[in-house]
Amino acid sequence: MQNLHRQTLIGLFAVVAGLFLMIVAIPNWVSSPSNVRNIILSPVFWPYTLSALTIVIGLGLTVTGHFSSEDMSQEKAEVPGGYGRLAIMAVVMVIYMFGLPRLGMVWTSMLAFVATAFLVRTSHPRTAVICALCVPLILYGFFAHVASVAIPQGNFVRLP
Amino acid sequence: MKFAKFSAVSAMVIGLATAASAADYPERPINMVIPYGAGGATDISARTIAEPLGKAVGQSLIMANVTGAGGATGSVAVKNAKADGYTMLFARVGSHSVNPAMKATLPYTLDDFRFVTVYEINPFACAVEAKSDINSMDDLIAKVAEGGVSYSSSGVGSGLHLAGAMVLDEFGVEDPLNAATHIPQKGGGAAVTAVLNGTATFLCTNSSALASFVANGQMKPLMVTTKEPVVGFDAPTAADLGKPALHQLVGWTGIAGPADISDEVAAKWGEWMAAAAGDEEFVSSMEARGSIIDVMSPEDANAFIQEQYNTFRALVDKLGMRIEG
Amino acid sequence: MSLMDSILAGLSLVGNFEAFFALFAGVAIGTIAGAIPGMSATMAVALTLPFTFSMQPIIAILLLLGVYKGGIFGGSIPAILIKTPGTPASSATVLDGYPLAEKGQAGKALGMALWASCTADLISNLALILFAGWLASFALNFGPPEFFTLILFSLTIIAGVSGASLLRGALSAMLGLLLATVGLDLVYGTNRFTFGDPSMMGGLNFIAVLIGLFAIPEVLAMVWDPKPHKGQTRGLGDDKVTFAEYRRCFKSIVRGSFIGVFLGSIPGIGAAPSAFLSYSEARRKSPNRDNFGKGELEGVAASEAGNNGVAGATLIPLLALGVPGDVITAIIIGAFMVHGLQPGPMMFILNVDIIYGLFIGLIVSSVFLFFIGSVAIRGFKYVADIPRGVLFPGVLVLCVYGVFAVNNNIFDVGVMFVMGWVGFVMLRNDIPAAPFLIAFILGPLLEDNFRQAMLMSGSSPAILFRGPITWFFWGLTVLTVIAIIRAGIRATRTLKRRA
C-alpha cells in the first residue's frame, strides 16, 4: 500500500498535529489573560509543553519507523466493502445524534439497533428485530423509572 | 416529503397540547436540573426539598445532575429548554450571582431565567486551620500585610473565590488580589482540605461546609457574615465587626425556569414552595446543616438576587477580577 | 472505654436483621448497577441517598457502603464480557479480562475478579480498622507538591500498558493529555478549546471518553469486517478458578490491595489510577509479563485488587478527618450530615458505637460481596452466549443510554461516538488505548497540582522538592524511568540480533 513504514506515517502525523496545535490551535482557541504574572502559570503553558512533547515523540516515531522491521499489517488491510460499511455507520451515528432530542431516545435507538444489526450482517435477523424493539424499551423502563433519569422523550410520541 | 408532513401535523398536535396544558400544569413529571455534582451542598439541598415538594406538586420530580463549568453547563441546559415549566433549575449563589458578575464569556445572563423562589439562605463563614496562630480577623489582616497569606476556593469564579477577595477588601486590605494568593481547587471539599493540610491559610465558605470541621476542632472560625450568630460557630458576626456590607455575602438556593415561563406556572410554584417549606422534617434537617429556611415570593427572589449581583458586580469591577477570556 | 466495650457497643448497633439486610441489599443494588455501563458506582450511591434520609443513621450508611462496594466490583462484569467498563475503576480490568473472554474463558476471568475483589476488600477494611488514624495523618502531608510527584510517578504506568512499542504508547498518552486540557482553566478560569460551547466548558466527560475508547471501536471493527465473527458465540468456559491459580496471583492481589489502601487513603486520586498502578506493578514483577494484555489471569486479579483495595481505604480520610476522598465518599459524607453526624476525629470519641458498628458491617460486607458476586456472575454469564450480530448493536444502544445517564447530556453521547472513531483508528494502527486513558485521568491532576504548587511558592520550583515524600517519589520516578530505558535498549538489541 505504501513504501513508508506505518510507524513513520504515524510519527509524521504526530509532528503535523503538534505543529498545528502550536501555530494555529493554541493561539486561537486558548485564551490567556493579559495580567498573567508568570509564564509557567499561564493557561497556554501546559498545552504548549504537550505540543512540543508530541512533536518530539512524533520525530522519534518517524526515525524508529524508518529502521523498524516490525510487521504492523498483520491483519487484512482491506476488507471488501469495509469502508462503505464504516461510512454508513458514521451516517447512522450522525442520524442517531440528530434524532435523540427530536425523535426521542427510545425510538432512535430502535432504528439504530436495526441498522447496526444489518450492517454487521447478523445471522439471526429475527432475533435482532425483536431485540431492537425490546432492548430500548427495557432500558427506558429501567433508566426512567428505576434510576429516575430524564431520558429524552422527543417531540412526537411520549412514553409514560 | 412524508417527514415534513408528519412533523407539521405533529407540531399542530403539540401546539394543541401546550394550549391545554397551561390550565392543568403539571400533567407529567417535571425535570429538575441540579447544575452541581451529587453529594454537594446544592445536591443535598435539592434532594431534601424534592421530597415535600413532590407531594405538593402531585407529580414526580426527576432530579438530574448536569455538572460542569461551575454550574454553567446545567444552567444553559435549562436556559435552552422549552419554557413550559417542565424543566426547572436549582440555581445557586455560585451559578447565578457570582458567575454572571465575574465571567464575561458566560453563555447566559440573569435575564435568561425567571426565578420562582429562593428557599434557603446559608451564611458564609471564614475559618483557618485550628493550630494556626491566627485567632481573629485582625490577626489575619495583620498577617496579610506581612505577606504569604493564601486562600483556597472551589474554583475561579466560585462563591468562595469572591468571598475571600470581598472579605479582605472590606477589612481594608489594599489590592487584595495581589496581597493574598488565591489557590483554586476543584470543588468545595478540596478547598477545605487545602486549608487543613496547610496549602492555603484561610477560606470563606458556606457555614454548612465548615460545621463539622469546627465541631471536630480541626478548624477555627474567624467570623460569620450574618447579623445573628450562627449556632456552633464561636466567632463574631459581620455586624459585631462593623462590616454590614458583608451581610450580602450569603449562599442561597432557589428554583428558576427559562425566562419565558408563564405567570401561571410561576404562581403555581409559589404555592407549592409555601406548602413544601412548611414540612417539619425538611426544615429540621436543613437547619441541622446550618441553613435558614426563608421562602421568598418570585418578586422578592428576583430582587434579592439582583441586589446581590449588583454588589458583587461592583466589587468585581473595582478589583479588576472580571474574567474576559 | 476499652476496645472490647467499643466492639460490643458497635455490635449492639448492627447486630440486628435490619442492618444486615440493608448491607446485603446495598451490595446487591451496587453489583447490578455497576454491571450496567454508564451506571457508575457514583450514580448508584447518589440515587440511593434520598431513600436513606428516613432510616437510622447506621443502617443508612451501611446501605450506601454496600452500594459502593458492590458497584466497584459490578463494574468488572461488563468490562470482561463486552469490553465496556461499568465504572471508570474497572477500565484496567478490560486490558486482560476482555482477551480472556475472547478466548472463551470469561468465567475464569470473572471468578478471578471476584476472588481478587473480595480479598482486596478485606485487606482494605482491615487497614481502615487498624491504621485509620496513622494513614489519615499521613494523607494530610499530601499538598500539591507531593501530589505532583506522586502523579508524575504514576505516569510511568504508561510504559507498562504500552504493549509492543513504548513510543506509540507515549503518543497515545500525549493525545490523552492534550484532550484533557479542554475546558475552563483552573487558575484563570479562561476557555481552552471550548469554542464557546457550554458543554465543552466542563471538560469532556470522563465516562464518555472511556466508553468511546473501549466499547465503540469493537462495534466499528465488527462493522468493518463482520465475517470472522459471523454467528459465533463465545461461551463462558470453565467458570471455576482453581486454588492453584488463586495462589499464583496471590502476591499480585496483596500488592494491589496495598497500592489501593495507600492511594485510597489520600484524598483526590480515586480507584482508576490505583487499578492501573497495581496492574503495571504486577506486570513488571510477573514471570509471564509478555502475556499481559493478551489475556493473563494475573492482570485481572491485579486490576481488581487495585480498585477494590481503594473502597475501604477511602473511608480513612472520611472517618478520621471528615474529608471526602472522591465523589462517592462526598455523597456518603452528605449522608452522615443528613443524620446530624459529623465525621472527623471527634466522631471516634462521641460516636464510637457507630464507628465500630461500621467496622463490623464492613467486614461482613466482604463476605456478602463474595456471595452476591458469585450469583451475579452466574446471572450475567448468559451475555456471553448472545450471538454477536445481536450483542454488538445492543452494546451500542446500551452505551448511548448509559453515557447519557451519567450527566443527562446528549453532548456526551456525541463525545462517545467521536472517541469511538479515534479509538478505532488507534486500534487499526496498533496504538494502545490504555495510555490514552491513564493520561486523560492523570493529566489534569498533574497540571493542577503543579500550578497550585507554583501559586503556593510564588513560582519557585524549589517547592517541588520539599520534604521526604517528594524526594521519595522523585527517586522512584528516576529509578523507574532508568529501568524502562534499559528494558527498551535490551529489547532493541534482541530485535536487531534476530534480524
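Per-chain residue numbering starts at 1, and chain names A, B and C are given in the order in which the chains are listed.
Methods note: contacts are C-beta pairs under 8 Å (C-beta built on N, C-alpha and C of every residue); 3 or more make two chains touch, one makes a residue touch a chain.
From a predicted model like this one, the values you see are computed outputs, not experimental measurements.
Viewed as a contact network, the protein chains are fully connected, with every chain touching every other.
With centres defined by CA atoms alone, the chain at the far end from subunit A is B. Measuring from the average of all protein CA coordinates, the nearest chain centre is that of C. Rounded to whole angstrom, the centroid-to-centroid distance between subunit A and subunit C, based on C-alpha atoms, equals 23 Å. Distance between subunit A and subunit B, defined via averaged C-alpha coordinates, is recorded as 36 Å. Averaged C-alpha coordinates put the centre of subunit B at 31 Å from the centre of subunit C.
Counting partners per residue, subunit B has 64, 323, 325 as the residues that reach two or more other chains. Counting partner chains per residue, subunit A shows two or more touched chains at residues 31-33, 43, 148-150.
Under the contact definition stated at the top, the residues of subunit C that touch 2 or more other chains are 43, 185, 187-188, 190-191, 408, 455. Of all residues in subunit B, those touching subunit A in their complex are 7, 10-11, 14, 28, 31, 60, 62-64, 320, 323-325.
Put simply, subunit C touches subunit A in their complex at residues 33, 36, 39, 43, 47, 164-165, 167-168, 170-171, 174-175, 177-178, 181, 185, 187-188, 190-195, 219-220, 222-227, 230-231, 387-390, 392-394, 396-398, 400-401, 404-405, 408, 410, 413-414, 417, 420-421, 428-431, 447, 451, 454-455, 459, 495, 499. Of all the residues in subunit C, the ones that touch subunit B in their complex are 42-43, 45-46, 49-50, 53, 140-144, 183-191, 196, 198-199, 201-203, 267-268, 321-324, 327-328, 330-334, 337-338, 340, 342-347, 407-409, 448, 452, 455-456, 458. Put simply, subunit A touches subunit B in their complex at residues 31-33, 35, 43, 148-150, 155-156, 158. Contact residues on subunit B toward subunit C in their complex (touch as defined above): 33, 37-40, 43-44, 47-48, 50-51, 64-70, 72-73, 76-77, 102-103, 105, 107-108, 150, 155-157, 181-187, 189-190, 192-194, 196-199, 208, 211-213, 215-218, 285, 288-289, 323, 325.
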